[in-house]
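One chain, subunit A, appears in both complexes that follow, with subunit B as partner in the first and subunit C in the second.
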Partner chain A sequence: MVDSKHQWKAWIYLAPAIALLLVFTVWPIINTVRMAFLENYSGLKAAGGQAFAFGLGNFTKVIEYRRFVSCLKNTVLLCVWTVPISTVLALLIAVSLNAIRPLQRTLQTIFFLPYVTNSIAIGMVFAAMFNIVGSFYGTENEIVVTAGIINNIIEFFGGEPVNWINYGSTYTANLTVMIVYIVWNALPFKILVLLGGLQSINKQYYEAARVDGTPRWRVLTRITVPLLSPMLAYVIITSFIDGFKEYTSIVGIFGENMGPPDDAGRLNTMVGFIYDSLSTNSQGRASAAALILFAIILVVTLVNLRISKKRVHY
Partner chain B sequence: MKVVLQNLTKTFPSRNKKSNEEVVAVSDFSFTIPDGQLIGLLGPSGCGKSTTLYMISGLQKPTSGRIFFGDDDVTELSTENRGIGLVFQNYALYPHMTVKQNILFPLQNLRGADRLSKDEMLDRAQNAARLVQIEELMERKPSELSGGQQQRVAIARALVKMPRVLLLDEPLSNLDARLRLQTREEIRRIQKETRITTVFVTHDQEEAMSISDMIVVMRAGIVQQTGKPQDVYDNPANLFVAKFLGTPPINVFSGRVQGGRLFIGEDAVLDVPDVPDQAVTVGIRPEGFVLDPQGPLRCHPTNVEVMGRDVSIVSTHPAAASPVIRSIINADLRVDISQELVRYALKPHKVFIFSKDTEARIPFEVK
Partner chain C sequence: MSKETIVPMRARDMRRQSLHQKAGRAVYLLAVYAFLLLMAAIVLFPFYWMLISSLKTLEEYRMSTPTFWPQRIMLGNYVTAFTTANLGRLFLNTMIVGVVSTLLSLVITILTAFAFARLEFKGKELLFAALLATMMIPGELFTITNYSTVTTLGWRNTYTVLIVPFLVSVFYIYLLRQNFLQIPNELYLAAKVDGTSDLKYLWKVMIPLSLPTLISITILKMMGAWNSYIWPRLVANDEAHRMITNGLRNAFTETTGDVNYPVQMAAVALVSAPLFLVFIFLRKYIMSGVSRSGIKG
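What follows is the complex of A and B.
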């Protein structure tokens, strides 16, 4: 504890950071709440000196907006699919990596590589892999040439090529591509965290389990997973939060169109909705949507924490 | 269940990549553990005692040699099929399970014909808990238990399967001094009650001496001596064993045998008629000294340590291998250390002579 005489020094050291945080973090949060409750708030109109009435209009507008429900649905669906799949896959990969001796370091590096790659670039590669026709922004009349490696593989095994992301593709196909891409993108960080957790588990628990003749599956479910539960909780909670903020990955695959060429915005998410509102100068509506998103994330995280309190063994 | 270890050897590849030399952890260990006995594997750290225990458990495979439980050769058998119970040094209790779940865990792993009904399992767990006296702790988590209680849970978990052999790795090393005394009695009692052949590893000679039926003293992978604790203490095979057993430790002097007499420095302390002339190392147990104004061994006293029943006289001698020598004398005898010299007579059966080169014991006839 610094004695009170010298506390002013500490305040001086902290001042630049506090000033920046007040201007660029605290005020925007307060301002978002303010704008959300001002009817039809728009930055342009505000600059022109217009006054806005207080009210809940922005929220009703958001909810009644044509695309809002689909944005919410996309966001929730992506979360609900990708979080469990990526967590379970990451767990299995981490456990396997932890079990091997030779090549462990090399494989660890390979599994971590996607993390250091730009996700838009990865998205474009995925788009190319799932492509079905010559050009990405295809039209109905374009000649269909199977170009993507995924369809090549499907055809190699005698299957029918699938229209994943191009003109006329189905919502289910689009969503499948998104889930594969997001899971793949989310794996490296989770593997890293879980592997770190695994390596800190005392080996004697496994020796004890061996002496007790514990079958492998039971070792995983009764020993590894509970001992890893703090890491698992961390991974699940953060990936739900990331999931609700999903946006870049859609841009990565579909571009700004946020959907196949014939149905723009089909895969738009909550964050995408907020950006769209901002680009039409409807800051009030964007703020209201941001608060709704915040409320959803808050509730989901509280539920997560509630569950983890019972399930996590520190 | 009798356990037979036959020429057991374990080598590890060297950590140093440049040299291909192997590290020999255990070398040619042969020993028969009689049925229902408590055996202490004793030695300084790195002597191979834990490796031996882990080979008996099956967690480590011997490089050569065989292990028998009774008449069954279990050398190739995996751990879970050997029917052993193992208590780890830090207990390795599953932290997320209650005491009851921990004890039930090995039973729940049983498959096929061995599978017990739920009630039988609970019954067995209760019995194991009663045996180690932790029945009232069944719903607690290991983190809510003291070290001694965790130890008991670990023993209960090892016993619940009714193992043929119980193995304990440094069972008392994580306990404080008082608990250690109590727990070692407890281990003795449990072993007596269950009559399970038990092997435990320790570096604490007092611990091994106090509860074992037999001890095995090891050094650098090689068995130095086996036998009943008292026999090994009274008849150490070499200098290492003599030094390793006993608190306070044995006093070591360099000496020589000349003309049938044993000299420490210039003092002729004992007649040893059948020992040929040579330079020797002499070990004298602290209780082997007798205060005697006419005694042959002359030491310079420095201070007296009072330990209640006994006192220990700390003195120096020019031929001693250690800075001070300790003798234990009955507290009734008043000792005056203001004197220049304290003179001792020696109890011949507390004096051991060792070859200077091989450190092996040189026997001598006590007249």
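What follows is the complex of A and C.
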């Protein structure tokens, strides 16, 4: 169709992208694998002319590292809690939005708002809401002036106030705050995609169900969910991938401390571990951890695809 | 049973049933609205709390019974926040990085997408598949090496380091290529016959026809600059080049304990405001762009 002599023209169009990709995408892939398999590789020592032995040392070290295990545990726990909660909530909200006419667009806009925010900035708002106000930072004898708005609400409904994120707070309380914040943050994208999917479902299915007098719950489980399954699969896979890369939302709430004042790093994640290794110039360990993270994401995605192949109705 | 008795019974039944259905539908709709309004209130609450807290005095914020509307409006918090966090400089830095990287990124994306959509060359499919495959790799994997690369290049603490490494987005190329492919090839061939150059065709036909996608890309890219945190903190954390998110976190390091929350919330509100303004005016493009991407920042 097009003269093959003009092939060089295409390469001119591609040149800027390819040049940048070679430097900032292809080379990093090769280099990361290389550094991961060089024992104790450090950029600083490499610059000093030191040679490194080939081996699996970085991987075994990372896995044996107690901090890494805790980072992995935090990441997995956050994923396991936030993905189902946010998906079910988003599905219910999307189905409800699809069922109404007046106010639909206004509500749709409201539900999208958390997306257009900065996760560090709004994390600071959540921290303020869960915080016990007026207590002294990082000491045991805290002087509580105000319980904080979330605790005020809990007390209003007759509950006991909880030490969510302050000095001496429990891991469960910290994790709960993170789950609430991550779910809040994850809803907009899911609602948007699911509502888009719902609006493209043929109305005839619902009319048939109405003629048959099918109960609403069965309509949801037997018609809506199966027909929406491609969108659901997409939403679940992307949120698992995002979940395994969780990092900034924790910085938003806890700051760079990545935990309550008395236990720094308690809520650190896989990505946090990689950056910590990088900042101590342990590129070998950082690379090994990054490859482990990639492997986990790949496996989880493949498992998800496998399941959705069986369950998804296209 | 005779026919005459059946018909009226059926009609009565149907009437009763439709009444029943109507009542059921009303209850259902009521429940749906109640659920949606409750969820909307939960979604909006942090924004509301941010705004009213930012207008309170510290004394009022700390009162043991919370107030849901400030007794005395303290606009001064915003002034304090603006100066403490040096927000002016942060806004400027973020705008420079955002605008320059968006413009360059658009040029590169358009050229690449055009080559993949319209031009013929050896290994096109293979190259495109390879590009898409890189999308699966988590960004952290690139960061480790890129950090060394930019250090070697002497780019630390410059605008360049915040712009150049992220100019190529495979996802944007993919998005725009799909858009370009929808434009009929006949148009291109006709233009060729007329002797129109590729660049002119790209400029006069393809870009105008793909404007919505290009606008979506622009907004997402700008939002990305606004929200980026990890990379800027790593490579350009000096006063002169620090970006907004990083600067906000730096200016208010303490999240728990005895914090001047009204000022902190004012700073958060100032940082969030531009994104909201953009969202209000360009809602359609943001939502259509996001629904196809699933990326944040």
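In this section, the second predicted complex is superposed on the first by the 305 of 314 C-alpha atoms of A that agree within 3 Å, B and C clash if a C-alpha of one lies under 4 Å from a C-alpha of the other, contacts with A are read in each partner's own complex, and residues count from 1 in each chain.
Note that a residue touches a chain if its C-beta (ideal position, glycine included) is under 8 Å from a C-beta of that chain, and two chains touch if they have at least 3 such contacts.
Keep in mind the model is a prediction, meaning the values are calculated, not measured.
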| item | value |
| --- | --- |
| Larger contact residue set on subunit A - subunit B or subunit C | C |
| Which superposed partner A:Ser96 touches (first subunit B, second subunit C, both, neither) | second |
| Touching partner for A:Val125 - first (subunit B), second (subunit C), both, neither | second |
| Which of subunit B and subunit C A:Val88 touches, first, second, both or neither | neither |
| First, second, both or neither for A:Val211, with subunit B first and subunit C second | first |
| Touching partner for A:Met35 - first (subunit B), second (subunit C), both, neither | second |
| Contacts of A:Val80 with subunit B and subunit C, given as first, second, both or neither | neither |
| Interface residues, subunit C side, partner subunit A - complex | 28-29, 32-33, 35-36, 39-40, 42-44, 46-47, 49-50, 53, 61-66, 107-109, 111-112, 114-115, 119-122, 124, 131, 134, 136-149, 164-168, 173, 198, 223, 226-227, 229-230, 234, 244-245, 248-249, 252-259, 261, 264-265, 268, 271-272, 275-276, 278-279, 283, 286-287, 290-291, 294, 296-297 |
| For the subunit B and subunit A complex, residues of the former touching the latter | 57, 59, 79-81, 84-86, 88, 90, 92, 94-96, 105-106, 109-111, 157, 161 |
| In the complex, subunit A residues that touch subunit C | 1-2, 4, 6-7, 9-11, 13-14, 16-17, 20-21, 23-25, 27-29, 31-32, 35, 43, 89, 92-93, 96-97, 99-100, 103, 107, 109-129, 131-138, 142, 145-147, 149, 152, 165-167, 184, 187, 189, 192-193, 196, 216, 234, 238, 241-242, 244-245, 247-248, 251, 253-256, 260-261, 271, 274-275, 278-279, 283, 286-287, 290-291, 293-294, 297-298, 301 |
| Complex contacts: residues of subunit A adjacent to subunit B | 202, 204-205, 207-208, 210-215, 218, 222-223, 226-227, 229, 313 |
